[in-house]
């Protein structure tokens, strides 16, 4: 109870906090989330979150599918950065099988993951700016995202439901002309980022809306196991690409932008800086791209080359077994974490030797953030829910799988 | 013919021409132009699909399409809404938006005939009084909707509009001091005098630059346009006070908002940008540096009407572009801005104007 | 590490690989008998501990300066249906200061799937434990508010269990009555309707009954 309500109660007005529901259908709840807030005027006294509106049973489906059939389901987890999910799952599966991926495939994966990271951050920052009022920002960033979707479509065949990695490599090699197209598009995206920065980042109104809003101290961030841009904005230098390097990230040179205060403004700036770093990584990977195979055709886990399927009996049998029973890893378990757009995206696979996983767990980064939402919002205004929730970058597909 | 010269009939004809012919028309065009200019800012084309056969007119038919759509939409009334107030609320904003146009002149008076509906001697005060009534529109709409979000919007609207009316009035005090009158026709004519021997016109924006900015900001807050559209919310409280309105009632709010935008432009142009005046154009032609270009009266009147409409359209464009570029204020920031920053500046403006006038007069 | 030099004998007899990883040895030294088994397959160090000492072991892992696991990355459960013990709660931990990771597993039987809640140690565990309860029916003793998270309140069963029938038809939430309008009568009476379906939020219980 706040001071004002207590005083009104003393005067026998019968004042009590108002219960207001933000969501589930609300323009600023990215997807569907519901917060029930108790407010005193506009100040939030308490808040309870209700999620689960997009729960589609990813883990249950994965238990009924083969290890390769799970890959299209992973696209739909964090659907603005699908390739990161693809690669994360593939790394976990490759760990389980103990398969090594060829270097060319690793570098191509890095390129596609960083493109996905840029699209994720573009969506998040654009949406935050739009909800705070600068609606044109979202459309500019979506235009930039379109350039990147063109590149993704060139490589994988689809903009969002990419289904591109396989266990042991990728589905296809880099097409002709892709690298020049990518370089050209990155330049255009960089121009749009500059425009966006000029419009909002130094704008007094924008800074007033985002500064000192939704602060969570470093200790509370660690208690809530924050990772990704949320943790880095609070000053925690935790990036999975640095602390537990996977793929070829230990050979690439990039900086990790850190914030100081841990408010929404820092998170916005950290995402902006990370986009630039991602472009830097892509350019390095393009330069370092070695020739070679894009897939290690390990007979335990991948469909053989077509000429072997039609030309040799072993290839035919392998193809048949992989399609009918699925790849069969040795019994065991593996956990692989990648740095998703939101934070540490972990895949935990448990196998018992059959073709279906016993457990395929996705550790969603934004789960922790939405859990901490109450802590971040109490004491702020209703109007602050919007930038705080925007800075979390909750993606429904990832939160609720 | 004499019946036409009867003052009541003249007033009705003027109302028809100005309000229906100009303001409503411009308001309707603005509903389309808002979307077209918005798209220009956002790097896309905007509405261009509504067509009659093959005629699209770059989206001009969307105006008619929007109107028809609103008429045919279901008129939802929330259960538990206070019916009388729910019906009445859209009209307050509507009325106060239009009454502003009662005193705005479109061209210089020819003899006894004035190109404004009426030239009451309280001029601008009437405008201020009528904009105050606009508060009721938002507040009653939000209250009667039986909806917590609408209530929040209404609470925000009442606080914001009442506060910014104060700054609106105070920012004009300096203007009244400089020109010595509250009557609108006289104000506009007084802006046709010049400094430095006939070179720089004494428009409000030159005599009272700070008041121009304050007035513009205060009028934006009165009409709840971005960056002051906290009562409307749009990403926090969804639609704020007009959340439960649909169909033609919602259209009434929207149209009132666009007519208010035209009203802001009209008032700003009248008070600060010289109204219908073109620099160096006097009642008998152009006078500049001693040169004289005589022009027939009807041409001068046409030029003045054209200039006024151009000024209004440019200001409307500016208001609409502002909406789609800059972020909005949080509600407590709006109030803090008004009371902690604008009020001292307004009062200082009044004081400085008084001092300057005393100093000038004493020379 | 000092632990490996003080326990060379234990290393040879218990581990199948050449040496016990440092953390495993540390926990074994601190809590004798609590570690039921361990492995580090694919480079992930894993401990299987008994549920009785689970809370103390987690506290040790979080606070001891040699472990310093500030982040509880993941808490989930696995259902090995034909096998007994049936459930396995899997906790992944990460240390920022020292950089190491650990996986801790607690085996629970089907007759009593419950263990102590670690939500006091790491606030992140709060929602993860709720999800575990929602999906598997594993109770966490001492959790502040153990109720369904992803499923709706009237859901029947625990979906991720292996014996959950996928074709089970779930009960629908009944329509809730709308609040009636206020009567400005002689005295002010507000009619607040009690909701027929159990509300999801606790504040539903505060709704005042009709006069």
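A, B and C are the chain letters, set down in written order, and residue numbers restart from 1 in every chain.
In the analysis below, a contact is a pair of C-beta atoms (placed from the backbone, for glycine too) under 8 Å apart; a residue touches a chain by one contact, two chains touch by 3 or more.
Predicted model, so just to flag it, every value in this text is computed and none were measured.
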item: Per Cα centroids, the chain farthest from subunit A; value: B
item: Most extensive contact between chains (C-beta pair count); value: A-C
item: Centroid distance [mean C-alpha coordinates] between subunit B and subunit A, Å; value: 46
item: Where subunit A and subunit C are represented by their mean Cα positions, the distance between them in whole Å; value: 23
item: Inter-chain centre distance, subunit B versus subunit C - centres from mean C-alpha coordinates, in Å; value: 60
item: Residue ranges of subunit A in contact with subunit B within the complex; value: 18, 20, 26-28, 41-42, 129-136, 139-140, 143, 199-200, 203, 205-206, 208-209, 381-386
item: Subunit A partner contacts - residues on subunit C that touch it in the complex; value: 41-44, 46, 70-74, 76, 78-80, 90, 92, 96, 99, 101, 103, 122-124, 126-128, 131, 135, 148-152, 159-160, 162, 166, 200-203
item: List of subunit A residues in touch with subunit C within their complex; value: 19, 36, 38, 48, 50-52, 55, 57, 59-60, 63, 95-96, 98, 220, 222-225, 227, 236, 238, 243-244, 332-335, 337, 344, 346, 348, 350, 352, 358-359, 361, 363, 367-368, 370-372, 400
item: Contacting residues of subunit B [partner subunit A, same complex]; value: 38, 41-44, 148-149, 152, 155, 226-227, 229-230, 234-238, 324-333
